[in-house]
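Next up: the structures, one after another.
What follows is subunit A paired twice: with subunit B in the first complex and subunit C in the second.
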Partner chain A sequence: MELFFQRLIDGLAQGSVYSLIALGLVIIYRGTGHLNFAQGEMALFCAYCVYQFGEWGIHVWIALPMGMAVGFMLGALAEVTLVRPISNKSPFAVFIVTLGLFTFLNWLDGAIWGNQNLPNSGVGSKQQSYPSLFPNARDDFWQPFGVTIRYDRAGILLLVLVITALLFLLFNKTKFGLAMRAVASNTESAKLAGIRTNTVLMVSWGLAAAIGAVGGVVIAGLNSNVNLGLMFTVFIYGSAAATLGGFDSPGGAVLGGLIIGVVENMSSGYAQKWIGQDMKLAVAFVVILAVLLIKPSGLFGTAKVERV
Partner chain B sequence: MKSLFTIREGGVASWVIRLVTAAAVFLVVLWVPTRTGAGTILTVIEALVLMSAAMSLNLLLGYTGLISIGHSAFLGMGAYTTGILVSRYGWSPWLTFPVAFVLSFILGVIVSFPSSRIKGVYLALVTLALALVFPQLATWKKLSWLTGGGAGLPAQDAQVAETGFNIGAQARGQMQFFEIFDWGPFGDLRKPDNKAAFFYWIAVVVVVVVYLVCRGLVKSRVGRSMVAIRDNETAAAVMGINLVATKAFVFGISAGLCALPGCVTAIKTGGVSPEGIQSLTVRGAITFLIVMVIGGAGSLWGPIIGGGIYVFVTDKTGSWASDDSIPGVLRPFFGWAKISPSDGIFAVLLILLMFVAPRGLAGVWKQYSPMVVRVLRRPAGAVGVAPVALAVTPNINHPEGEMQ
Partner chain C sequence: MSLLRVSQLRAGYGPVNVLDGIELHVDDGEFVVMLGANGAGKTTTMRAISGLIPRYGVIEFEGHDIHKASADSIVRSGVAQVPQGRGTFPELSVEDNMLAGAYVRHGADGVHDDMHKWFEVFPRLAERRHQRAGSLSGGEQQMLAIARALMSRPKLLLCDEPSLGLAPLITQELFAVLERLNRDERLSVLLVEQNANLALHIANRVYLLETGRIVATGSAEELGADDAIRKAYLGF
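And now, the complex of A and B:
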């Protein structure tokens, strides 16, 4: 039983990272109907930036908002310069552009920081390991009823819940949130009602990338280093989470992320021989496929009505 | 648009152009193995593999409009089929090609079933997950009795050492590399490095086969159904096209064709593992997409052009991680980068092309070549009748559509 709770807690912490990526995907999808393939790589770029700020001696809690600011600018810039001009051409063009952005950002990270694990004493990093947002020393844990709750895991889960709550307030209690929801439900009508849809879309992309940046920093912290391939699998888990929760439901994305995290941890823990560490990704694959085949709108998404 | 020359399809001038083009392609194909070194030949084989993979992807994405980032898995199917059959069961490598095609065809059809419900980006997501899962599946402990696990094939056991994998040297009962014949004007076709030239000819045959299958399919009834599905799925269904069957068939053919370059890679590399063959990881799938889009989606020659350019640039810039090897003029632009700039160059090119020429380089050619020479098409169904300048509405979406 203790093992069960242990895996539950670990899974929730892992899943909260997927929630962050999924949130970013959902915010963009609601606004524009596009799937941003570069979401993970934008987050990775921000994670590298936070590492760089750490090298310059900036504390991680100050570096994180800076990284988020970088993410915001990156996302907004990508929307204004790349996605908006092409989005009226075809969905295929947008797909290729986000894929190009994906490749470009991954290359840029490598070009600036090299393709080794960072921090790395071999290239003169001052930091011992990637800065963690919460205390993560060997004895930083709390042990109620035999379940080990590490401070960093609990902190990450809390952070995600706080971010979700803030987003909820933004969407439901502010005028800008109202504008975002209006654009999501009908762009044309929103424009006619006097909403600056272009600004809304730009900010949505920026917001999505900034939230992704938190995800990138958190996963790099858990991994204790950052490398070029870090976000590939996280992106797949994140999109599995978004699919499960429904692509237009932020709450669903968070819940989906947590579920995926728990399922991943449980399946690799209880079926060690069959799934273990090697086949964890197949779980995400099966989840995506099953959801899309059985209920394509996900748990909380609205079914899309297609008119001919 | 005014053009310098206007010629008729089927006329003398058009035949001259065709023959000259064919002769040029033929000469280049002959020139590589006979007049260049082993290093160049191996690089060209890489290009040929990418070309055939991108052509098979083009069938799906360019002609049918189904997005796939999972073609690396199909290439992997081919590579592993050859690897397993040759090194574990002692098959002749030649026989593994059809088997790989069939197995990959089946996998493709299985993957296609969700695609009858899943559209657009969701399909991209499913196939991306497939691309990421495949290498994990291949290195899975439970399957290591078959795939050799992380170390790949051939595994280090006695039976494999006996059957061998290097087909040029050991495989029994089939043509071997030293049996390539001489041919007068060009000398020995296997010069200067026997093995490399041998693999080269296999890769050439695969490219030709894939090209012919794609061409035959695109120009057939199925091909027109594919384009109809791409341009308007509902309209296609209304016209009586069976969407599920057509998509399943195209997905299968595309997957099966993509397995063939996988077999070539396995034979060339002499072993199969995700570390050894990068094309079977997700990077490969993205590379196929880049090659196809740069060359021209929905065009038969596009992927061939794209593959050539991709490998040329990657090869030239491969060593640019160290600043000294960058040619002087370009050093200020690329000197700061810690890795080779090829990925960055292609990413920028990909995005740029989407803005200025969504149909790739082949599309640019189709758009601007009529300024010099315009070929008037023979009206459909009229053999030998003089072409009439029909007021046909130009359909830029149609792959072979003429720009009037």
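And now, the complex of A and C:
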């Protein structure tokens, strides 16, 4: 039983990262109907930046908001310069552009930071390991009822829940959130209501990338280093989480991420022999397939039905 | 001085010009109706005035040139459009639709009072204030689209075929509300219609649009008296 809770908590912490990536995808999808393939790589660029800030001696809790600011600017810039000029010409063009951004950012990371794991004493890193947001030494854990709860896992989960709550307030309680929902629902009517739709889209992309940045820093922290391939599987899990939760539902994205994290950990933990590390991705996708067969728009997605 | 003055207006989609020099004006407090067949350019005219598409020529509102202004600043200057089809936000609640309509207003001053006022004019919206707009009937959605436009406190309301797809009784009810708004609130209205009988009863003036040009203008009685026009456009 202790082991069950152990895996549940580890799974939730892992899933939190998928939730953050999925949240970013959902925010952009709701606003524009586009799937941003560069979401993971934007987060990776920010994760590298936070490593760099750490090298300069900046504390991680200050480096994180700085990394988020970098993400915000990166996302907003991508929307204004790359996506907006082509978005009303063809949705496929946007697909290709975000794929291009994906490759470009990965190349850029490699060009700036090289292709080895960082921090790395071989290239003169001052940091021992990637900065963790929460205490993660060997003995940083509680052990209530025999269940080991590591501080960093609990902290990450809490952080994701706080971010989700803040986003909920932004969407539902602020005027800007109302504008975001209006643009997502009907862009032309939003224009006719006097909403600056271009500003809303720019900020949405910025916000999505800033949230993704948190995901990048968290996963690099769990992994204790950052490298060029870090986000590949995380992005796949993140898009799976968004699909599972329903592509237009932020709450669904968070829950989808947590579910996938738990399923991943449970299946590789309990069925080590025949699932193990290699097949756990497949198990997560079988679960998603089962859900989508029953509810094609995802757990919380709205099927587009309209009375005329 | 006219509230809205449009002159030499050309606009279209891509390389194709749908409008070929539109001339029209709406005076303060007037109820103006624009008639025309399918494809004459009625909706394009509305979209050009609201700044949704690129356009050339003169568009003046209260004496200010707005032909290059962005859609949101045109709303801010006091022009609100109810677009063709359902100009609502289907995923948002009725109340949120109304609040989105008040987006251009600064602060929350009087927004809730206004919402209350339009709920009295459209009582069925009040009953459904927490429902998603997409779940309303066609007539209710059209009422919501109008209420949403009114929330910005416009001086000029552009209405693009509000009767489209509605039952005759609902259309009558809708036009009665528009007439009352024009009379009691001194709201100026430019209304586009394909099916004209009802609209002509409340119009001060009528424009006839044909392949991107205004081909006739006058009072409802004048146009109704012209046999050729009556047969072609009014169907009686």
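Keep this in mind: the second predicted complex is superposed on the first by the 293 of 308 C-alpha atoms of A that agree within 3 Å, B and C clash if a C-alpha of one lies under 4 Å from a C-alpha of the other, contacts with A are read in each partner's own complex, and residues count from 1 in each chain.
One rule holds in what follows: contacts are C-beta pairs under 8 Å (C-beta built on N, C-alpha and C of every residue); 3 or more make two chains touch, one makes a residue touch a chain.
Just so it is clear, the structure is predicted and the values come from calculations on it, not from any experiment.
Chemist: Will subunit C clash with subunit B on subunit A after the two structures are superposed, or do they fit?
Modeler: Fit - subunit B and subunit C, as placed by superposing on subunit A, sit side by side.
Chemist: Tell me the contact category for A:A165 with respect to subunit B and subunit C: first, second, both or neither.
Modeler: neither
Chemist: Is A:L292 in contact with subunit B, with subunit C, with both, or with neither (first, second, both, neither)?
Modeler: first
Chemist: Let me test your reading of the model: by the given contact rule, A:A137 touches which partner, first (subunit B), second (subunit C), both or neither?
Modeler: neither
Chemist: Quick check on the superposed pair: does A:L3 touch subunit B, subunit C, both, or neither? Answer first, second, both or neither.
Modeler: A:L3: touches no partner chain.
Chemist: Is A:R181 touching anything from subunit B or subunit C once the two structures are fitted on A? First, second, both or neither.
Modeler: Touch status of A:R181: second partner only.
Chemist: Students often get this wrong, so check: with C-alpha centres, what angle lies at subunit A between subunit B and subunit C, to the nearest 10 degrees?
Modeler: Given the fit on chain A C-alpha atoms, the answer is 90 degrees.
Chemist: Which one hits more subunit A residues, subunit B or subunit C?
Modeler: After superposing on chain A, more of subunit A is contacted by B.
Chemist: In the superposed arrangement, which partner chain does A:A190 touch: subunit B (first), subunit C (second), both, or neither?
Modeler: second
Chemist: So, does A:T302 touch the first partner subunit B, the second partner subunit C, both, or neither?
Modeler: Touch status of A:T302: second partner only.
Chemist: Once the two complexes are aligned on their shared chain, state how close subunit B comes to subunit C by Cα atoms, in whole Å.
Modeler: Minimum C-alpha separation, subunit B to subunit C, in the superposed model is 15 Å.
Chemist: Just which bits of subunit A does subunit B share with subunit C as contact spots?
Modeler: Residues 308, which sit in both footprints.
Chemist: Enumerate the contact residues on subunit B facing subunit A in the complex.
Modeler: Spelled out, the residues of subunit B in touch with subunit A are 65, 67, 69, 114, 117-118, 120-122, 124-126, 128-130, 132-133, 136-137, 139-142, 234, 282, 286, 289-290, 293, 336-339, 341, 343-344, 346-348, 350-351, 354-355, 358.
Chemist: Sort out for me which residues of subunit A touch subunit B in the complex.
Modeler: Residues 34-35, 37, 82, 85-86, 89-93, 95-97, 99-104, 106-108, 110-115, 232-233, 236, 239-240, 243, 273-274, 276, 278-279, 281-282, 284-285, 288-289, 292-293, 296, 308.
Chemist: Can you check the complex and tell me which residues of subunit A touch subunit C?
Modeler: Those in contact with subunit C are residues 175, 178-179, 181-182, 184-186, 188-197, 302, 305-308.
Chemist: Give every residue of subunit C touching subunit A within the complex, in rising order.
Modeler: Checking each residue of subunit C against subunit A gives 50, 52, 70-72, 75-76, 80-81, 83, 86-92, 96, 99-101, 103-104, 134-138, 141, 145, 148-149, 152, 165.
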